[in-house]
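In the two complexes that follow, chain A is the common piece, with chain B as its partner first and chain C second.
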Partner chain A sequence: MTSAAPTTESVRPTSGLGNRARKARKALSNPWASTLAVVIAVIWTVPTVGLLVTSFRPELDIRTSGWWTVFGSALQGEGVFSLQNYETALFGSSTNMIDFFVNSFVVTLPAVFIPITIALLAAYGFAWIDFKGRDVLFIAVFALQIVPIQITLVPLLSAYVSLGINGTFWTIWLSHSIFALPLAIFLLHNFMKEVPRSLVEAARVDGAGHVKIFFTVMMPLLTPAIAAFGIFQFLWVWNDLLVALVMGDLRTFPLTVRIAELAGSRGGDWHVLSAGAFISMVVPVIVFLALQRYFVRGMLAGAVKG
Partner chain B sequence: MDWLLHAGDDPVHKLLLMVFAIGLFVALMAVILFVVDRPRNPSRWFVGFGFTGIALLLLLAGLVYPAVRTIWTSFLFRNSGDFVGLDNYVRAFTEPKFLIVLGNTALWVLVAPIVATFLGLVYAYLVDRSRFEKFAKGLVFLPMAISMVGASIIWKFVYEFKPQGVDQTGLLNQFMVWIGGEPQQWLLHRPLNTFLIMVVFVWIQTGFAMTLLSASIKAIPTDIVEAARLDGLSGFGMFWRITIPSIRPALVVVLTTIAMTTLKTFDIVRTMTAGQFDTSIVALEFYDQGFRQNDAGMAAALAVLLFVIVVPVVVYNVRQQRKVEEIR
Partner chain C sequence: MATVTFDKATRVYPGTERPAVDQLDLHIEDGEFLVLVGPSGCGKSTSLRMLAGLEDVNGGAILIGDRDVTDVQPKDRDIAMVFQNYALYPHMSVADNMGFALKIAGTPKAEIRQRVEEAAKILDLTEYLDRKPKALSGGQRQRVAMGRAIVRQPQVFLMDEPLSNLDAKLRVQTRTQIASLQRRLGVTTVYVTHDQTEALTMGDRIAVLSAGVLQQVGTPREMYDKPANVFVAGFIGSPAMNIGTFDVTDGKAQVGGASITLDRAVADGITPADGGRVTLGFRPESLDVVSSGSEGAFEVDVTLVEELGSDAFVYGTLKNGGDLHAGDSNQVIVRIDPRNVPDKGDTISVTIKPEQTHAFSAATGERLG
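Our next item is the complex of A and B:
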């Protein structure tokens, strides 16, 4: 990588934009560097493309030839694509993913909304209400981020059993809400602390209580932070396998559980698996692309959960 | 009451239940805030607890108490309640089966974060300020949106095996055929299978590393870069002597964050091999022991073990995170 030619540099103008362009050309004019970048980009794309193409191929074709052969066949004018796999995966009696799609949706929405609301209130309490024991409690909440959820699962489940709510959506909503809290409170607290004290004081002088300050001063300023954590929690819950598997049953299982199950029991049925995988991916990918800006911001603020 | 608990198979019922749950929650919150907001309430402690109370109660009941109970359970024999001291831990560190699990976990924690961070760093550096930066980053970024189950299926298909002589349908084996080799059952043999499963994890996490490191690279003051350039640094020298030292704290944060994720991830191994062929790791073994073998004691011991391994990583991570924030 040391072979970058210095000769192309010296003659360029040094205005801001020219400078940037020059650096760009420099970086990618190094053949090794650009090759490496392209190789990484290809490895990160081709597997997905392969499965996507596969999901549109007839079952028999999938079994007998590689997905890369379709491009040749398509050029010869053969009809190589169909939507049959998606129909089978969604509505076929042995797969009926549409039911699990509904489950994913039903699981995710409350499991995003509830913890964020609880965390917002708690974060406000920790950031702006000066009550006794506040700092100790906040540090305790912060420290709870360490606890891996695995360590809580078995006792939680037996608690749900003795409450008689095991296997219902309630346990999944509750579990996801609990697990989200430490990180959510910590992040939202950090954002709330950044709100200028003068704004809060001004509202207080106007006679606003904490509830009013929370809704009129904090909430509007926190929209980006809420969006950032919201998208994290959304992806986390929608893509979760562990909690859904442990807490749920056949009537509450989301798509991830169903697809993992299919991968185990019908590992060779790539027509169903490929279509099923993309059915489970389409919603998070859309949300992700639409809110990418907030996602990156949240990630830079430390919103990462293992 | 049953209507509120079990939605059965009816999708409309499920959706109604969801709306009801959210509505119930909003109502609960409204009541709490209403009580807290009564002006005659002078106690700040009362107001403070009104805002933080639900969260604290949930964490106490749903995180602290279960964790303590799990620690206790880890000293018990299976589901019996008989106290056996450290037996479960001794088993975890002596039985060959668990030794393989521990070995695999060590391999995962050591290799996967380093590879993901390295690739993310190199890629971020290479595409930085290039014409295609946004698009190029998007490609590596996108796997973060999909589930680990989905990613595993994508890669399982790449590793798909057909006997020699038949047309291959898996990309990797087709490559083997193209370069004149023999198709292989990639996931059968240790340790290659563990590395190939790790590929899936690295494939997901590289986008995370890239995003954080890219932001750090962009935050390097231009005068440092210009000064180095005047001193004749370029290409690899610039990368090694300027970029890396400047973003060191961020690198450590990324490494430790991915290491934490690595320890807790079980979806990928479960989907790829279900832990067969000696690929299991602690997070998956925990699930197997607890929910398939019904050995609550062993599962608890593994969960505690996971916790013990994670703690130092988290502590180190938090310290470095502070440094990164100071620099910003």
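Our next item is the complex of A and C:
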């Protein structure tokens, strides 16, 4: 994100700015801090790298030696890598992974879109429409975050059963939406509040009603916030095992349930698990890389002076 | 084009006792440029926002033309507003910013383009139409905000201190541009500013507000020559008017060492509530430097001389006591011949030019005579 700052500054360069930027760079960059950051990054990444390496090793190797030994063997020209695990994970077993993969998408996409849509509308209401009891209601919504989702599982499930929607995707979509809404509303509300009041007033004078203001003024300015929350919610739902397991059944189980099963009831199938984990990881990585370009700072630059 | 009428319009903010705007009565003619001016917190912006529909009206009514718009939404009032901070839509190009209102109104694309281009030509923005606001300078942004209002061809322009974010030189330049543009378009305009120079130079008429109450409405000349009360007298004019309260004996006010004969009308206007005192005001240019001992002359100790080339101003204190001061300072200001300036520490004698004294009631501050 460092690249965003120079572009806005370059519009009207002033003599003091370059100097300040230099000072800031000097104050912020420090060889010790950099070393520490690198060390932390390495420690952080090691388990993932280990898993990645493992997923490409033959089953027997995995059982007999650690993943780090692979580098020595590879240097000696031995064939230490194979795609066998991925084949087993994707196509090998009785129920193949593709179905679960599709389920994961069917679960995740609505579970991201529903809360974002509702939260955007609610946040706009809380931020820009005056109504009685607004502050109390907002605090109440925000306070809902203190309720642990584990507590709500049983009441929710019995409610679904009495509604007759148990065993469908609706239970999972609704549950994820319910759990996501308090934070989503709070986050988006804060972003909306940062939009200068005069901008909304200008739109009102220009003839826009709330709907027009929402779609033509607010939404474009909120793109970074929506992208940020979208990624957050996507990762959360994609990686969720608890809700999927409790609320769903065999037809709705996503990838995570399958991967948990891959480990085997006796915990013996590590080689397939590692491959499965990476298959499931690919999607969030793609989503993140695709959406991160919307993390643009300074969306409001130029709107108001000072 | 339309007239604008405030009919005892009142705004009380929730949780406050004193109205922010108290029974404002104001009629603005068709095509007139009216400036609302006053110190900060006087209710001038609130008045404008009431007219825009951005602020509730708690009492009275507001009319545009013959239509009562008191409870009408901003979008249905056919007004355009220029905000102090411009409030440009940051994600839209200059052209889209200017055409936004027309687009919402469902104007055909070709016509929007044509009207935007016309406005851009007037404002010298043609080459910037495709840029985003963040790639514009402060002055250009200000012009885009103006353009957004012009394109609408509304019945009334509302401007809320549109120049206060520009640097001094650009402000003077833009001031004349806006004034001449308004004359050319002939659209009724209500303009809010805290700067009395802007008010005097731009307005057909000026309305001075203080603490939510309208003090006086009139042409710049009227405001300058015949301020209705002490507040207007002190607010309008730069440098500010010298104002002080003095004892009156036998129809003469005792200013420093001098006795100044008051007009009959003024002397008769003094009531017992004034306690035998009168508030006098005279502008820096109403004072003549004379040789000491002249009749009706009082003495001023010079503390500072400000030379502006065409003019020079002496800042000083009244000798022999008496509370006489200009504006917020505690000094007397005298305009003098720039080719003949006294030194710091000198004492000069000055007299007030005939007929150039403003007299106000010491008790109420209202104009006498």
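By our rule, the second predicted complex is superposed on the first by the 239 of 306 C-alpha atoms of A that agree within 3 Å, B and C clash if a C-alpha of one lies under 4 Å from a C-alpha of the other, contacts with A are read in each partner's own complex, and residues count from 1 in each chain.
Operating definition for what follows: a residue touches a chain if its C-beta (ideal position, glycine included) is under 8 Å from a C-beta of that chain, and two chains touch if they have at least 3 such contacts.
Just so it is clear, the structure is predicted and the values come from calculations on it, not from any experiment.
Contacts of A:88 after superposition: neither chain B nor chain C is touched.
Looking at the superposed arrangement, the partner reaching more residues of chain A, out of chain B and chain C, is B. By the touch criterion stated above, A:201 is placed in contact with chain C alone, chain B being left untouched.
When the two structures are aligned on the shared chain, A:40 is found in touch with chain B, with no touch to chain C. Within the superposed three-chain model, A:209 lies in touch with chain B and with chain C [touch as defined at top]. Look at A:104: by the touch rule set out above, it reaches neither chain B nor chain C.
Looking at the shared chain after the overlay, A:220 reaches chain C, while chain B stays out of its contact range.
In the superposition on chain A, A:171 makes contact with neither chain B nor chain C.
When both complexes are aligned on chain A by C-alpha atoms, chain A residues 209, 212, 299-300, 302, 304, 306 touch chain B in the first and chain C in the second. Those residues of chain C lying in contact with chain A across their complex are 52-54, 73-75, 79-81, 83-91, 100-101, 104-105, 132-138, 141, 148, 152, 158, 165.
Looking at the complex, you find that chain A touches chain C at residues 8, 11-12, 196, 198-199, 201-209, 212, 216-217, 220-221, 298-306.
Across the interface of their complex, chain B is touched by residues 1-4, 6, 9, 20, 23-24, 26-28, 30, 33-34, 36-37, 40-41, 43-48, 50-51, 54, 62-68, 99, 102-103, 105-106, 109-110, 113-114, 117-119, 121-122, 124-126, 129-134, 137, 141, 144-156, 159, 164-165, 168-170, 173-175, 177-179, 181-182, 185, 209-212, 214, 235, 238-242, 245-246, 251, 256, 259-260, 263-264, 267, 270, 273-274, 277, 280-281, 284-285, 287-289, 292, 296, 299-300, 302, 304, 306 of chain A.
If you check the complex, the residues on chain B that touch chain A are 5-9, 11, 14-15, 17-18, 21-22, 25-26, 29, 33, 36-37, 39, 44-45, 47-52, 54-56, 58-59, 61-67, 69-71, 73, 119, 122-123, 126-131, 136, 139-150, 152-158, 160, 167-171, 174, 203, 206, 208, 211-212, 215, 234-237, 239, 257, 260-267, 270-271, 274, 283, 286-287, 290-291, 296, 299-300, 302-304, 306-307, 310-311, 314, 321.
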